[in-house]
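Okay, so chain A shows up in both of these, paired with chain B first and chain C after.
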Partner chain A sequence: MTTIKEKAKEFTKVDRRDGKLALAHIYVAFIALFIGGLCGLLQVLVRSGKFTLPWGIGYYQVLTVHGVLLGLILTTYFILGFQIAAMSRTSGTFTNKQRSLGWIGFWIMTTGTIAAATMVLLNEASVLYTFYAPLQAHWIFYVGMALVVVGSWIVGLAKIMKYREWRKVHPGESSPLLSFMVIVNMAMWIICSLGVAVEVVFQLIPWSLGWVDKVDVLLSRTLFWYFGHPLVYFWLLPAYMVWYVVIPKIIGGKIFSDALARLSFMLFLLFSIPVGFHHQLTEPGIESFWKFLQVVLTMMVVIPSLLTAFSMFATFELRGRQLGGKGLFGWVKKLPWKDARFAVPFIGMAAFIPAGAGGIINASHQMNQLIHNTIWVTGHFHLTVATTVVLTFFGASYWLLPHLTGRVLTKQMNKLAIIQAIVWTVGMSIMSGAMHIVGLMGAPRRSDFSTYGGAEQATDWIPYQIAQAVGGTILFVGIILILYIVVNLLFFAPKGETEFPVGEVSENAEKTPMWLENWKIWLTICIALILFAYTVPVIDMIQNAPPGSKGYKFW
Partner chain B sequence: MHIHKYEKWWLTFGISSLVLFLFIVGFSAFHYGSHPPTGKVYIDPERVDEIVPFNNPGVHKVEGKEWDYEVVLVASAFYYNPPEIEVPLGSTVKFIATTKDVVHGFQIVGTNINMILEPGYVSEYVTTVDKSGEFLILCNEYCGIGHSTMTSMLKVVE
Partner chain C sequence: MSKKKEKNPNLKGTLYSVGFVGLFILVSWFMAFYLFIDRF
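Our next item is the complex of A and B:
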């Protein structure tokens, strides 16, 4: 006999039509993973000095593909797809109008992606994903990137409409936690991508079309990094959604505190944006005072990170003890280590400890000089985005894909998923470890193999560059494994029902205060902080601008 | 909003560490003047060769300044001028650099001299060279096909 309570607990399914939209995004994401990952393999092989690219393919062309596909396309598409499913699951099925908007956005983004990719493949746009004006790509590349951003706003609009609809129907109630987090994530994306949109639409497109002769380089870089740092938190927040909301359910526990989860998301929104100068610490034209101010704001993200770490481990310990774990650490053994949906994202969480520590070094005003533009930085973000975020996305795929396709993750696939994560961890430890060490020794990032005129210092780097190639090759094996699992889950896994796990809040937690969802307050603070951090230096940049730069094509 | 007792301890410890850390960074920046390199001088990137001091790149001994040598350096795809820099051990050196075309990097391997050269701006950094030897100078900001061949050498001699 089913009681009412059990019946209420029966999992809600994402509507099939919404699922299709989410899956469309996820297909593109995994195609990007394959091509981008292949380019990554080519790069580490070239950098080892033992391999040269055939058919006149350029190293920087491959690097541009790797950066754009993995940094922008894989992440943005996976996140948007995940968010669509999460909104539909927690706030209800999208209306036809909302879903159509989602599809319009998807096709605009995809058109942009194809346009930009074509120009990169034709070697008309080897400017890397940071654009690097006054290097000048073909205008179609910039238009393509602009379409990706604009398309993503339209997909975002569909979610915002859904959220507003939910709030209207439930006055005075806190929105579902996962939906709330999607909206914070989307707000962050829209606010920050305005910067890159302004750069591309008002600076790079007119300049590449020849409508204007010159570009203000410092302003373009400032607009880019106004976008470029929140971008990394845009990647990270969906991983946090999985940690805060999904993992507690998977391990059979409860969400530690709904209010603290919301608070930490809002703090990420506030402190991820007015901080771009910490990517420009070694650049001229920005006063040291403003650099330092943004360093301080950057470090504020330590606070929500501490909140998150506490909540995660509190959830784990409470559950482990509930299962009979004794002593100081006995509860650790009780966690479901054999469940890929938990174990894979957990490795991602663990990687965030060294990744975060490295990040503090990078943003530390003076210390940045030691590592700026060295391959240490590459090692750093291969821990943050390519381990923490990506492993969490993989872990989420193991329930999200079968949920959307009406299939199940078999025992064998679960086992393979854990092997995949181990392969990834080994490969990444070798590659990222070598990058960190050789970066401290001065090896630069974004550079083709070079002996640097036989300089002794550069000779010492070569063993580490070979280690990078070994690690990178192992990672590529990891990519093959994940793609094998993904294809299985999409097309071949046995039919069945898979849960979209959404955790419940602990009965001990108190009611969430409504001010946490007062957008007027939070958006006002957010905009005020941005204006505070950027107004004076940007006005200074524009008023005291040197003559602009004409375009160059040096590749 | 209710916050668990242990979480309060954790946050107090964490935020205190953060404040201490930022205080140290700020103190060394504003009290000791240890800032990352910057520069507020503007220049027409297309006329670099005509403008003082870039009309005469090289190592110049100077008198009556806080530094002993000025290294005037012009970067362009894919060269540094001068191609080699020699300064005596223990001297205080001011690096004054700019670029004639795209953005370049200026990193001296094994030191903390690391700055971005942007068209239109002059990057400056003052340091005392207290280690002898040969230090590789390289471009660490992507500038095009010859990026990884763009090098120079700093020789610190006794």
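Our next item is the complex of A and C:
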């Protein structure tokens, strides 16, 4: 007979069948990390000017593999897997129908990934991860990418069904915080990926099949960036879920405020989508006023970002003081620095300070000229996604994977995980730091090694490119270490029980108002903002369309 | 009256920390702005 205590324990565990679905996503994510990371290493070596790719492999081919696998595949798969586990843990086990939908979505995505990856590996689609027209890939690449998006919608649908089911059973109650966050994250993804779906299905696929000769480049880039900026918040929000909900539990503290966390997530939903023009600030064909408006909306993201910073610091300080920390910063010493589940994501949080500052510079309208299309931008997103997000995902893997596999993180692995994060931090500081500096000196992003005909300015860039190669090589060592830990946690770590930590809200926090979960209000504002920011400029783009372009294959 | 106000937790470190983040953002921005004005 099962006792009540045992039953309660069961509820805090992710169901084995849901765990299998989550793990399937996570396997793909880490395979992508290995291949994409290897390509990253090759890239920095080529750009140092000391290495040439063998067997006719092209630099842009390698760059495409790196960008697509790490920017799109690793992130999307890890996030979807993490979300499945988070929903199952906090809203209860998926029904068979919901889980089947999850598997259908997974296989559609995976079919798409294999199709797109095959085309890139065959050198039929070296169009980089932004697949900007008029660079033209093989149509199978675009169909593959479309399948990844459609598959992710189906996985998302399963989660939305679970959430609705929970709310039906618990009328008048706030949903579990982690489930709520998953749904905000998914809503953001579905709304933004509609843009890229329209671009791929209505512009790029017919054009790559030869059904139409020309493509409207400006419109395609606008649709891409309508998707591309919220994409970075789609990556970031799961990291915030870990920070807001999981980290307080790991450090033995409480969630500072449930209401603040929900408000900040809803603000991210509002202000991460109608802002794509800040990636197109140097582009002709968009009136300055609309660029300015989207710059203002972009800056609004500072509010939930600083709310998050405040909430994190407050959680840490309250806990540190509870443990006896004295003085202004004595509480810092009391935090569990030897626990990889805390220390690794903490480095990610710290990296977001320079990353966020850089982001504000990038989006500052005319000032964007300073860094536009320079390798500063590459340095920037290697801090945001490749440090803040990725280190938080690694930190989460140290409890999520053993929780799902019924194993434990040993002391040695915990130590190795901290070493891994230090290696990553050193490598990234060198690589991203060099990219930022040399970007300000004018070095371009997305380009193969070149001396530019012996130009003096280009000669000045070379030492920084060598520094990037050194940093990138250290980062690859970091990838080997994380893969070693992941393989250990999946197959070799000792059997045992690992907690899926979910924090409790502080008893001092105010009650969460129900309007924070009123989707009618938030989705209406979200759609209104999108329409406000995009309708007039898009009509203008279509009515005064530039001449279309035929496709180009420069590789 | 909520408990929070009665207990009045010490969050001075948090205040200084977010102050530091804000200052870091402003200093970085003005450095970039200076470069921008100098070049364009």
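The rule is simple: the second predicted complex is superposed on the first by the 544 of 555 C-alpha atoms of A that agree within 3 Å, B and C clash if a C-alpha of one lies under 4 Å from a C-alpha of the other, contacts with A are read in each partner's own complex, and residues count from 1 in each chain.
One rule holds for everything that comes next: a contact is a pair of C-beta atoms (placed from the backbone, for glycine too) under 8 Å apart; a residue touches a chain by one contact, two chains touch by 3 or more.
Keep in mind it's a predicted model, so treat the numbers as computed, not measured.
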Inset, instruction - Have a look at where A:L328 lands relative to chain B and chain C in the superposition and call it first, second, both or neither. - result: second
Inset, instruction - Using the touch definition from the top, say if A:A528 reaches chain B (first), chain C (second), both or neither. - result: neither
Inset, instruction - Considering only touches as defined above, state whether A:L209 meets chain B (first), chain C (second), both or neither. - result: neither
Legend entry - Which of chain B and chain C A:I539 touches, first, second, both or neither: neither
Inset, instruction - Mind telling me which of the two, chain B or chain C, contacts the most residues of chain A? - result: B
Legend entry - Touched partner set for A:L121, first chain B, second chain C, both or neither: neither
Inset, instruction - Applying the touch criterion given at the start, work out whether A:F310 contacts chain B, chain C, both or neither, answering first, second, both or neither. - result: both
Inset, instruction - Tell me which partner A:S288 touches in the superposition: chain B (first), chain C (second), both or neither. - result: first
Inset, instruction - Using the superposition on chain A described above, determine whether A:Q366 touches chain B (first), chain C (second), both, or neither. - result: both
Inset, instruction - Using the touch definition from the top, say if A:V487 reaches chain B (first), chain C (second), both or neither. - result: neither
Inset, instruction - Across the two complexes, find the residues of chain A that touch chain B and also touch chain C. - result: 306, 310, 314, 360, 364, 366, 369-370, 509-510
Inset, instruction - Please give the residue numbers of chain B that touch chain A in the complex, ascending. - result: 1-4, 6-7, 10-11, 14-15, 18, 21-22, 25-26, 28-30, 34-46, 77-78, 101-103, 105, 107, 109-110, 112-124, 134-136, 138-149, 151, 153
Inset, instruction - Would you mind writing out the residues of chain C in touch with chain A in their complex? - result: 2-4, 7, 9-14, 16-18, 21-22, 24-25, 28-29, 32-33, 35-36, 39-40
Inset, instruction - Please name which positions on chain A make contact with chain C in the complex. - result: 306, 309-310, 313-314, 317-318, 320-321, 328-329, 331-332, 353-354, 356-358, 360-361, 364, 366-367, 369-371, 440, 507-510
Legend entry - For the chain A and chain B complex, residues of the former touching the latter: 58, 60, 128, 132, 134-135, 217-218, 221, 257, 259-260, 263, 280-288, 291-292, 295-296, 299, 302-303, 306-307, 310, 314, 360, 364-366, 368-370, 372-374, 441-442, 444-450, 452-453, 455-458, 509-510, 512-513, 516, 544-549, 552, 554-555
